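The letters A, B and C name the chains in turn, as written, and every chain counts its residues from 1.
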Amino acid sequence: MDFAKTIPVIWESLPFILGGITWTLSLVFGAMLLGLCLGIPLAVGQVYGTRTVRGCIGIYVWLFRGIPILVQLYLFYFGILAYLSQVPSLAGLGLDSAFLAALLVLGLTSAAYQSQIFRGSIQALPEGQLKAAQALGMTESQAVRSIILPQALRLSIPGWSNEYSILLKDSALAFAIGVMEIMSRTRTVAALTHEPLPFALVAGVLFYLLTHMGIRALKTLERKVRIPGYARQGSMS
Amino acid sequence: MNDYWHFFLNDVFPALNQGLWISIAVIVPSALLGLALGVLVGSLRVYAPAPVRLLNEVYVSLFRGTPLVVQLFFWYFALPHLQIGDLRIVLSPMSAAILGFTLCSGAYHSEYIRGALLSIRHGQIKAAQALGMSKTQTVLWVVLPQAMRRALPGCGNEIIYLIKYSSLASIITLNELTGIGRTIAKQTWRNIEVFVALGLYYLLLVTLATLLLQYIERRLALPGFSHARR
Amino acid sequence: MTTPQPILRVEGIHKTLGDQLVLNDVSLTVNRGEVKILIGPSGSGKSTLLQCLNFLHHPDQGRIWLDGREFKATSRRELCAFRQQVGMIFQDFNLFDHLTALGNVQIALIKVKGMAKAKATHRAKEELARVGLADKMDLYPAQLSGGQKQRVSMARALAMDPKVLLLDEPTSALDPELIGEVLAVIRFLASAGMTMIMATHQIAFSATMAHEFLFMEKGRIVERGSPVHLLAPGATSRTMAFCAKINELSGDLGMAERRCASSSSALADKPQGGHGTT
């Protein structure tokens, strides 16, 4: 490897590679949001639901946590979505998009993991919180919405920061179905220039920076929404 | 319906079964080596002198901060381009996969080990030293046996992750489960059936591993120990 | 007291938790403005009884009337309406940890009673002032002392204008020096005519304002009567024996009888509104 020759090559291809950040971050934040919107009802259902509801959610979680992301990506992109986009009445909906497949896979899997984070947080709250809310005449759903979830979501932030870094790393797998995110672009450039080494390093550095910036941002969020005096009490017990 | 059975029995299952053995041949050594590396690194991160500790922190931060695909890509495609004098390392897909998985999961394991080591009460170490044990003896015979039990749920999870992420070996051309699944799907154009079957293979592996780990956890449990955590 | 108006009446309450019969045929009536005290050893069912009265536990058997109307927990809406009228104070406060003192008092007014926010804020401030915490309303539960927490929880319950207030050992989770401020609020409420049922070990204190003592043991009310009666010097009541035992355990050997007696004589000069709430 000749550094003097490779540095201009890296420099030239950098705008193209950095353009992948948009795709990577859209995938990560899209999936986190989808996972959040699905994960909360799943968690509530798993704690407060009937036996049947709990059983169904358990199966969902088992499926999405048990099948590798890569296999899910193949199944959704080459299998399910490709099939659906052949159905005449669904044509034109853009169901054969690789980005959509990646977003669905990462989002649905994240929902399974996030539901377990929320479930843990809900169960960590003292039982008295629900009782006190009911004693004031709140219905169970009012109590969950205005008393249990605001507290449980705060407790979930450390879990989220973990979830973010997992999603970021999993999003790199979307290259396997052709989403033009960071990994996919560095690989393309590496193949064109026959210089895989510097570009593997570039991809590594980019992901490393994104991981740590995201974790720092979530730490700030955690500090911002902290309940005064609460952490101190927690560390004492 | 008959056609379905034919397809699965004649084409899908025999091929996937072959892939399954290759997957297992990657997973088992990676899991064992990764765990051993994690125990070593985790202990060094807690007990080693500052420079060694720093080195280990850097290793963990790098391998946890970058995607596993990028790491595999590096070991298999990029490493041969790194030439120092006449020395060039070219790894086979199998050894690149095992190396990549071991280094990555070792970093994650070390997190759990470190946390568990730090949770052992100081009195345990003092008591061991009062009996005349050296620092290494204390760590080996008193602290680690307790810490391993505490780290077990986390490390077990890590092994489950490893099983799932072993599918990435297909990207560096190894013909394990996922690689073979991809090949059959391409040949037969029956994507949904093949990938569902592939998913079931992984579900089976993950579920069996979970049960096995739960069994080990129960076998190793010390009476009342897990409650003493808080 | 003129013609007694029953506010809360229960008859034949049974409750099994697990395989244990915790309440065995309990009946009682509370009239408007009355204070009833539940005493008895721990595990005797006091707490379960109070929770049954608010349907936090559903009784297995028995009937409940509130303000002359029989209540049947048929629909969820009725259940919530019932609970709004029956206030509950918990032993461990159960303040909502993510809300300030003000937020704790406000939330049910807004969410349950559908009150406008400004009005709810006004009402909540009033209630906090009543328990002497006007200056603490922006603090979070973790920033308050135990006594302050319990006073916030009382403000929270009182803001709902309950017809009857249930208190489940309101002072037993408190450090001794913090008990006084909570008792002062309770005394004030009694003097203001609040109907209350309280489980407590503060026998001397409650004797000064109780209309009736109910002594519970193994899920039954085994003795009931006015404190003057039960704690009269030389009385051989279960209550008296229990009272002596408590004082003995707390180290006041020999003081027991005198203390019980003096508390019963304190009844002579009628409960006076303890205005020392601030």
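Simple rule for what comes next: a contact is a pair of C-beta atoms (placed from the backbone, for glycine too) under 8 Å apart; a residue touches a chain by one contact, two chains touch by 3 or more.
Predicted, not measured: the structure shown is a model, and the values here were computed from it.
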| item | value |
| --- | --- |
| Closest chain to the centre of mass proxy, which here is the mean CA position | A |
| Remotest chain, chain C as reference, centres from CA atoms | B |
| Whole-Å gap separating chain A and chain B, where each centre is the average of the chain's CA atoms | 21 |
| Chain centre separation in whole Å, for chain C relative to chain A (CA means) | 48 |
| Mean-CA-position distance for chain C and chain B (Å) | 57 |
| Contacts with two or more other chains, residues of chain C listed in rising order | none |
| Residue list for chain A, restricted to those that touch at least two other chains | none |
| Interface residues, chain B side, partner chain A - complex | 62, 64-71, 73-74, 77-79, 81-83, 164-168, 170-171, 178, 181-182, 185, 191-192, 195-196, 198-199, 202-203, 206-207 |
| Contacting residues of chain A [partner chain C, same complex] | 126, 128-129, 131-140, 142, 146-147, 150-151, 154, 227-230, 232-233 |
| Parts of chain C lying in touch with chain A, wherever the complex brings them together | 51, 54, 56, 76, 80-84, 86-88, 90, 92-98, 107-108, 111-112, 139-143, 153, 156-157, 160 |
| Of chain A, residues touching chain B in the complex | 1, 62-63, 65-72, 74-75, 78-80, 82-83, 165, 168-173, 175-176, 183, 187, 190, 195-197, 199-201, 203-204, 207-208, 211-212 |
